[in-house]
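Labels A, B, C and D are assigned to the chains in the order they are written; within every chain, residues are numbered from 1.
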Amino acid sequence: MTIDLNCDMGESYGRWSLGADEAIMPYITSASIACGYHAGDPHVMRKTIVLALRHGVAIGAHPSLPDLMGFGRRSMAVTPEELKDFCCYQIGALREFCRVAGADLQHVKPHGALYQMAEEDEGLARAIGEAVRESGSELILFTLGTGRYDQACRRLGIRVASEGFADRAYNPDGTLVSRRLPGSLITDPAAAADQAVRLAKEGKLQTLCCHGDTPGAEKIVRAVRQGLENAGIEVRPLRDWLGK
Amino acid sequence: MTIDLNCDMGESYGRWSLGADEAIMPYITSASIACGYHAGDPHVMRKTIVLALRHGVAIGAHPSLPDLMGFGRRSMAVTPEELKDFCCYQIGALREFCRVAGADLQHVKPHGALYQMAEEDEGLARAIGEAVRESGSELILFTLGTGRYDQACRRLGIRVASEGFADRAYNPDGTLVSRRLPGSLITDPAAAADQAVRLAKEGKLQTLCCHGDTPGAEKIVRAVRQGLENAGIEVRPLRDWLGK
Amino acid sequence: MTIDLNCDMGESYGRWSLGADEAIMPYITSASIACGYHAGDPHVMRKTIVLALRHGVAIGAHPSLPDLMGFGRRSMAVTPEELKDFCCYQIGALREFCRVAGADLQHVKPHGALYQMAEEDEGLARAIGEAVRESGSELILFTLGTGRYDQACRRLGIRVASEGFADRAYNPDGTLVSRRLPGSLITDPAAAADQAVRLAKEGKLQTLCCHGDTPGAEKIVRAVRQGLENAGIEVRPLRDWLGK
Amino acid sequence: MTIDLNCDMGESYGRWSLGADEAIMPYITSASIACGYHAGDPHVMRKTIVLALRHGVAIGAHPSLPDLMGFGRRSMAVTPEELKDFCCYQIGALREFCRVAGADLQHVKPHGALYQMAEEDEGLARAIGEAVRESGSELILFTLGTGRYDQACRRLGIRVASEGFADRAYNPDGTLVSRRLPGSLITDPAAAADQAVRLAKEGKLQTLCCHGDTPGAEKIVRAVRQGLENAGIEVRPLRDWLGK
């Protein structure tokens, strides 16, 4: 039994710091790195890639809606064509920093409102899938494993990693509890670790996420990693084991 | 005798249109395409690449300082490291759109204030050169052929195309007359064509530029192209003939 | 019978020009001026106010969602509180340029997607109304006169001018035909003038809008102005005649 | 002997927090609040004004160059006219939030690179002075009290408060040691308090600044306040005692 453990990284911007990237990177296997639309200026992008490589962590692009002030968390009425263009732009920018660092791009994970929008609108889900497909057949798309469009994305002929969340509460229908509601975030490390082990054991998911900007995120990630390993689950980057 | 003829392209943004890209593209051999920092949203970038390919025009990135309101024409006190990161980001974004269109990236040309800043500050000139070098040994950097750092960039071991301007007036020292001064732009097509032929015949330059946002730009570009061909000068993209 | 004739103005930005402000200003009585979120940099704002004053045109703020790339035309999931803050920021910026020019601010008109969002969500309509109320009891809010929240805004105790569109097609329910559909814009000057006269004669509206960025906008505005006057309808700014 | 104690406030933005505004506000008498160009989204602006009013702190606008990524700390080649327009825009936005909170705007303090640029270029210093003059005769402009243009600004006929820095090292010529050099920031609370008392006793300055984003800023500000009061210097907002 194998699983990937991912976290959003590189969400600082200019004078502003966010997240405990240095503390978290040692415990994860894949990093989803902001590409400038919700966070992550070019310097932060370069630096975060270097940090990931130092820890053998696989790198993914974390494209967003263009909304720095809203941190990409406000949905916007974009067309599928606009969304595809936004993804291409951001994937390319991050891929270039990988390229100059001698690294490959492993995956793409839609950020914030985009992740939910893809779940609510098949046209947008397909636009993201097409952006990934045209960007490279080796790329892996992260989708909500308990959601509606995970299967639709697989039918596009792209590599998909079904994702679960260690530190977010789920609604009974498999969607995530909205961040605007109390209890949407699981901040107790042990509870997050338990949820991670349970999700991994169900065997339907390929990657588990912890959020880097949750208070005490480094403790949660460490607990999740240890919980998974203690349960006999191997934690490795997707590139090492996910079928094409 | 061979020369490349380039023009800035893709400088529209969202609701705003700028330049006569459709009318100009048939007459040039290389297009320097805006990458989002001074102009060129992702949709414009994709569209401009498609247009260039339709006319067999080679594609370059036209990175800028991050200043949409100032169209990249206000110099900024950036560090060499910041500048390298800005270039990497923008080159990557444009390269991805090339990639999905099946095209290669031919060159990089610094935009606006950046072009002058590179001419006035060797550290910044070198930063751009290093950004190009780390981005790919096949990439060609455009530098002011009559300027101070053209030779310095060549010593970095990268491919350099020395550039001249058909439609900009020169100071006696080989620098360009500032856009803030009257007479800085040559708007008479015949005069631009004459300057182009003269510059090409001197044999020191590899590429000539016409600006796409000059009033009547399409007439100027057409006159320059015809003037060059009438003078027996072959007009072809750099990728076809510039040595490595 | 009296009516106000308004147009969106000041929608240029940096290097990009949009609209025929100089040609249109002589024919309108109120100008809704962009405030930097969808268009209108500070220089354009100042210049447009000077132009309005030269023609005795009353000045309004045209606040938008923060989306320069989308020209404020993509709806965004903002909270009422966020929207109130956006309006306050933009109204204040424009008011200051009025202040230094010795002019008063007459009205506020939500721009683009915001105008529709206010029509579809009472909470957002009320947020805009509250922004206007807290900003000054003399301010007039423009609302879709044939729409759902025109009356609700009046109940907030603020001055409201019900607005109609000379150059936009209406759906049978009084909403505007979406810009994404063919025929949404009326581009024939005579047809726009006819619609303007008809709307004015119904006596339910206080202001009529022509769009400044429609092709041939100046001809449409001139035809509408002449049509109204030929029909014996007085065209004057709201500040001169709208009750408090 | 009376002095004003000011601090930069409201420098958070969207998802990013910066500064210890809650902890510092009780100890200062004037707050210079970011206006959106380098930091400070509309929600932060509103909230910071409310916080200032709760502590009886006078409010000022802290306008910047338009450079969110660079936090307004990179100088840019703007014209005096552009700078005047930027100031007017930002002063107006902040003034509106004051207005709806029932507060007056006390002062204007140029932020970051702008502060240095005004010191190095009389045309830009005068542009800021003119922006303040046209914005209102009651407004007070903060200028570097040990610098070159403090007197020139006074000759414009505007109210000027000569400013000193408790927590920044000075060069022998009265300019500030560049932030890029080691030792530019005084981070020892006692040393900052000593410098504050010394500057205040010289009697040439009307306001002293502590930076809100220095590590441990709240301890520095508290020490400075107590140091001043222990030395018998009255600490009160400028509006209460500065002559017109």
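Simple rule for what comes next: contacts are C-beta pairs under 8 Å (C-beta built on N, C-alpha and C of every residue); 3 or more make two chains touch, one makes a residue touch a chain.
Everything numeric here is computed off the predicted structure, so don't read it as measured data.
**Q** Taking touch as defined above, what minimum step count separates chain B and chain C?
**A** 1
**Q** Please compute the C-alpha centroid of chain B, do the same for chain D, then give the distance between them in whole Å.
**A** Each chain reduced to its C-alpha mean, chain B and chain D end up 42 Å apart.
**Q** For chain A and chain B, what's the span in angstrom between their mean Cα positions?
**A** 37
**Q** For chain C, which residues are shared contacts with two or more other chains?
**A** Counting only residues that touch two or more other chains, chain C contributes 41, 69-70.
**Q** Classify the inter-chain contact topology: is it line, ring, star, complete, or other?
**A** Here the contact pattern is complete, since every chain touches every other one.
**Q** Quick one: in the complex, what on chain D touches chain B?
**A** 66-67, 69-70, 74-78, 113
**Q** Along chain A, where are the residues that touch chain B in the complex?
**A** 36, 41-43, 45-46, 81-82, 85-86, 88-97, 99-100, 134-135
**Q** Okay, in this complex, where on chain A does chain D touch?
**A** Answer in residue numbers: 11, 13-18, 39, 41, 68-71, 73, 213.
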